[in-house]
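Structure first, then comments.
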Amino acid sequence: MLTVGLLGAGRIGAVHAQAISDHPGSHLAAVSDMTADAAQALAATHGAVAKSSDEILADPAIDAVLIATSTDTHCDLIEAATSAGKAVLCEKPVDLDLARARRCAAHVEQTSQPVMVGFNRRFDPSFGALRDAARRGEIGKSELLSITSFDPAPPPVSYVKVSGGLFRDMMIHDFDMAHFLMGDLPETIMATGSAIIDPEIGAAGDVDTAIATLTYADGRLAVIKNARRAVYGYDQRVELLGSGGLLQAQNMLENTVVKSTADGVVGAKPTWFFLERYMPAYRAEWAAFAKAVTDGSPMPVTLADGVAALAMAEAAATSLSSGAPVRLSTLS
Amino acid sequence: MLTVGLLGAGRIGAVHAQAISDHPGSHLAAVSDMTADAAQALAATHGAVAKSSDEILADPAIDAVLIATSTDTHCDLIEAATSAGKAVLCEKPVDLDLARARRCAAHVEQTSQPVMVGFNRRFDPSFGALRDAARRGEIGKSELLSITSFDPAPPPVSYVKVSGGLFRDMMIHDFDMAHFLMGDLPETIMATGSAIIDPEIGAAGDVDTAIATLTYADGRLAVIKNARRAVYGYDQRVELLGSGGLLQAQNMLENTVVKSTADGVVGAKPTWFFLERYMPAYRAEWAAFAKAVTDGSPMPVTLADGVAALAMAEAAATSLSSGAPVRLSTLS
Amino acid sequence: MLTVGLLGAGRIGAVHAQAISDHPGSHLAAVSDMTADAAQALAATHGAVAKSSDEILADPAIDAVLIATSTDTHCDLIEAATSAGKAVLCEKPVDLDLARARRCAAHVEQTSQPVMVGFNRRFDPSFGALRDAARRGEIGKSELLSITSFDPAPPPVSYVKVSGGLFRDMMIHDFDMAHFLMGDLPETIMATGSAIIDPEIGAAGDVDTAIATLTYADGRLAVIKNARRAVYGYDQRVELLGSGGLLQAQNMLENTVVKSTADGVVGAKPTWFFLERYMPAYRAEWAAFAKAVTDGSPMPVTLADGVAALAMAEAAATSLSSGAPVRLSTLS
Amino acid sequence: MLTVGLLGAGRIGAVHAQAISDHPGSHLAAVSDMTADAAQALAATHGAVAKSSDEILADPAIDAVLIATSTDTHCDLIEAATSAGKAVLCEKPVDLDLARARRCAAHVEQTSQPVMVGFNRRFDPSFGALRDAARRGEIGKSELLSITSFDPAPPPVSYVKVSGGLFRDMMIHDFDMAHFLMGDLPETIMATGSAIIDPEIGAAGDVDTAIATLTYADGRLAVIKNARRAVYGYDQRVELLGSGGLLQAQNMLENTVVKSTADGVVGAKPTWFFLERYMPAYRAEWAAFAKAVTDGSPMPVTLADGVAALAMAEAAATSLSSGAPVRLSTLS
């Protein structure tokens, strides 16, 4: 039984609390949050106790912590937790600053503690099935990857301002997905974007719609499309063209009902947002982490993977500013 | 070059005139109709001349006639045309009366002239592909056939009154499709129906919605559903379950556009009616007839097939009246 | 908190144990089974204790029992449990004998205890959405219902022999679905069937493939197709044609991946069997039962519904034997 | 009746000959080709006569010419034909050299003869329906366009060498589609590509897989993906995200048959190549041209549109070489 402390009782913290509780081999023992009431409420729901994060890290009974606090605290907490001998599952992104994330990775390496970064989409059954089919060679050699990733509705501008920008906050998932599916990092990234959905997002210095093009050393190409608004729901699709065919992972739908009338043939919309779409993936993510901690086997998503995705996001942000492609190797 | 006379210049006659004109090896030479103006107009469209049906049958230059007149004239014209040495493609049904159709078949047998019955759906590419797949054993041994066949809108009650009823007028296509796909005739037919769409159809002694269940000597089963109204368009689907899987022929759609909005995901409707859906099948039907006439090879759909479909329709009509299954072999 | 005793620790008992454990307002306290080891094992998995069914029914701390024992014990246990003041959720069918089921219902009426019959498919989100759309009039007036219900693989013949036959064991789900979707019982049922999948099933006096046709007093029609084998998975589809359109509930798929190669375009298969397809429905079923017990509100599926489905199954079995339609009202 | 001369009797010339012949208001009178036999053969098929292109242009009975010769002759023939008073429908691209195409356009302007460029995809019913829906505001304001355009198999390298490169030869269709759907030209184009399918194509100085990103002055974005090989068939899809939803035009399939077996659920592949997919579009293209010539109404696709598409292709080719985005306005 893995005894777990949860740091952060916000929206995503609640998602993880549920996933931990549902896991037969894990026990959610303690929850912390900057807001004591939030920690108290979430802890009560799952039969845990509210504590401070310091108390959790100091508690020798806690085997692992899940970090779901605000991004600016991630590296400090990863370092503190690994120093305290805990296994860590940390939400993405590792940090908004690539250099800080790299220092954190260096620290962790010294502790030899297992750290996993929470790229939940790697645990989506359809994306996983697509990757498995590609690895088995079912479409020959991979050549061109396309990722469509649209949120149903834009976040408040107040959030956008502290988010690190679309590339570090939203597209970072897709950069990791490209890494996951292509099995390698790109050589160059070229990004373009626009604040066409909400001019306030533009006034805040960010974009809400963006395209990134990735080139790989072996000639493969990838393109990622992001939009902060797709009024029909969470649009999360992947296509991979290879020498022997095409693999597509399509959206999950709310139900399977189709209505044909004089107005047309209407089917259900995609599931609304990440909770509806990815709750099974969050459960599978936790199970994979718990298994790796228990087995002592390698983490399925490493801190290095988290740093790599952040580097890709930084390259894209730089490209958006400069209007030119950025070589990933040039990022200091 | 096959020189062709068309008997009947109504709606379905016009369809066939187009198919004949589009065929590189056929020449539409003459058109007849009870209404001289109709014959004249259709003939003009295709560079043919308007004549009487007697003139067409007497013309030694005419190799083949297509009979698209009213049902009550089919047998007389088939007999006259074959006696005159013409090859014949006759619209369905052969007749509304099984005994009359059988006498016609006996007559034709003496003339040894080639006669084909116009079951156009046998020439639909998707139904053809389904049958081919079944014949190749792709789903193992066939076990259970389902045919869905809904018209977009009911015909006028005046038409219903002379149509011979839903089974002889509409479901006869599906009886033939069952024959085509199962490669055999059923042992028994049980039918039920209702005038739920239009009570006037019920007052005219007919049904507008019906289900027929067919049993085969080897244990196979089939079910046919008909409705005179499907407001979303012409619904023409087939499913065949076998020991190794399921084959489905789905509807053709007006286009491939899909719209996702807050209201749902909307695709195009099925093609509206038989012209939109089956024009390629009418062309293929004529080409198959012309080829068989030219080659002297067997007709792809025989007059016996037409009589068989009529027998199935009569069995269904009898079953509807009696409330009991009817053995096909008992029809005198 | 609802304290629950589970009677029966077989395959379906284990499904219910999971659904009860997952429900926040329910506590699985005790499990019984003819085989003590089975009760012990299932109880241990869910932190319950193994007891005899008599002990469970005698325990005043138990609020509700779930009956998942063999069919021949259902009525006795329903009667004993309601007499003991328990709320009851009983698996289908109520019994194989209609008269016995009716006596059971009469008994229950005297106890005034809440009893629900476990027609899990009523709680499937897609079937529910279809019914809601029909009730809202989205396709006008309902006219023609079609239910396709194929199992992935036939059960052992030993099971078939004690199952009560396809209509009471398998199609009973679809009879209840027709009841659920049409909101009424049919006037007549006509059934046909065949042992085409496995002759041993025929030798055991049963069929493995069947079609039932239902007529309603207001002219509506329904057709149900059952097959004991669909090698591609659990095929569970519903179509409802109305004056204003068509509603279809399609299969759920294993994932959303589509592969296009030179061999064709391949998508995932339907979910394999009832556990994969209906686990969410089992959870929703239990939640609905627990809510009704707690609220004192009417049961969402009543014992009368269970008796009605059994009557329909009996009518179908009688029709299969006699070859004639059976009026539901004639069943004594 | 429009009397037509066809210049060029190759593969695409044959397609147009068929479309002209199928048009009730047009008469294909003459066909020319560098290879006299080819002209003779195609002319014979359609009841036309073989002539030289000079003879055709000099023939006062010829109202319109269709130019389907090799690209390097397009501008000379457009100029000669318009000087000779003919209406012209010219295959894409206008030329491989932007300056030459612009001089041609200037020439044509002086003659005031109607000239249309053959961007057949504008006449595809699904792309047309998508554009109409967008124009009607069905998805609000357009924001992000995606075009997927893959050929089934790469052309011979000998063809690639004279093709002008992927952007001028293949993606030019998609540049025009972007123009058609967005109703405007982009401000900048950034392209990347790779010869990952066939190194010989790379050795010939071209790419076989490419992505172009387009930015518009109003903040809209577009992305075009091209690949010279998709072994499953001609993959031609469009997606347009707007403030109110998403429009997708999906592939047409060879038929509607779906097979479900233990190996998966297999549907038909997309239609194989441009002939199978776009024959109806070629017919509609000719009909639109013929109508505009007859009416004296504006050409549905102008020579300016052809020049614009070529400019976009040149921008993309320049961007591929330089690795930087190219502003369309800087092309001299």
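Labels for the chains are A, B, C and D, by order of writing; each one numbers its residues from 1.
Quick note on the criterion: a residue touches a chain if its C-beta (ideal position, glycine included) is under 8 Å from a C-beta of that chain, and two chains touch if they have at least 3 such contacts.
Small disclaimer: the values here were computed from a predicted structure and weren't measured.
Following the contact convention of this document, C, D is the list of chains adjacent to both subunit A and subunit B.
Taking the mean Cα position of each chain as its centre, D sits at the greatest distance from subunit C. The distance from the centre of subunit A to the centre of subunit C, with each centre set as the mean of the Cα atoms, comes to 40 Å. Chain contacts: subunit D has residues 230-232, 235, 244-246, 260-262, 268 touching two or more partner chains. Put simply, subunit B touches subunit A in their complex at residues 230-233, 235, 253, 260-270. Only residues 125-126, 129-130, 133, 138-139, 244-252, 255-262, 268 of subunit C touch subunit A when the two sit together in their complex.
Subunit C contributes residues 143-144, 146, 148, 150, 190, 192-197, 209-211, 213, 215, 218-221, 223, 225, 227, 229-232, 235, 241, 243-246, 323-325 to its touches with subunit B in the complex.
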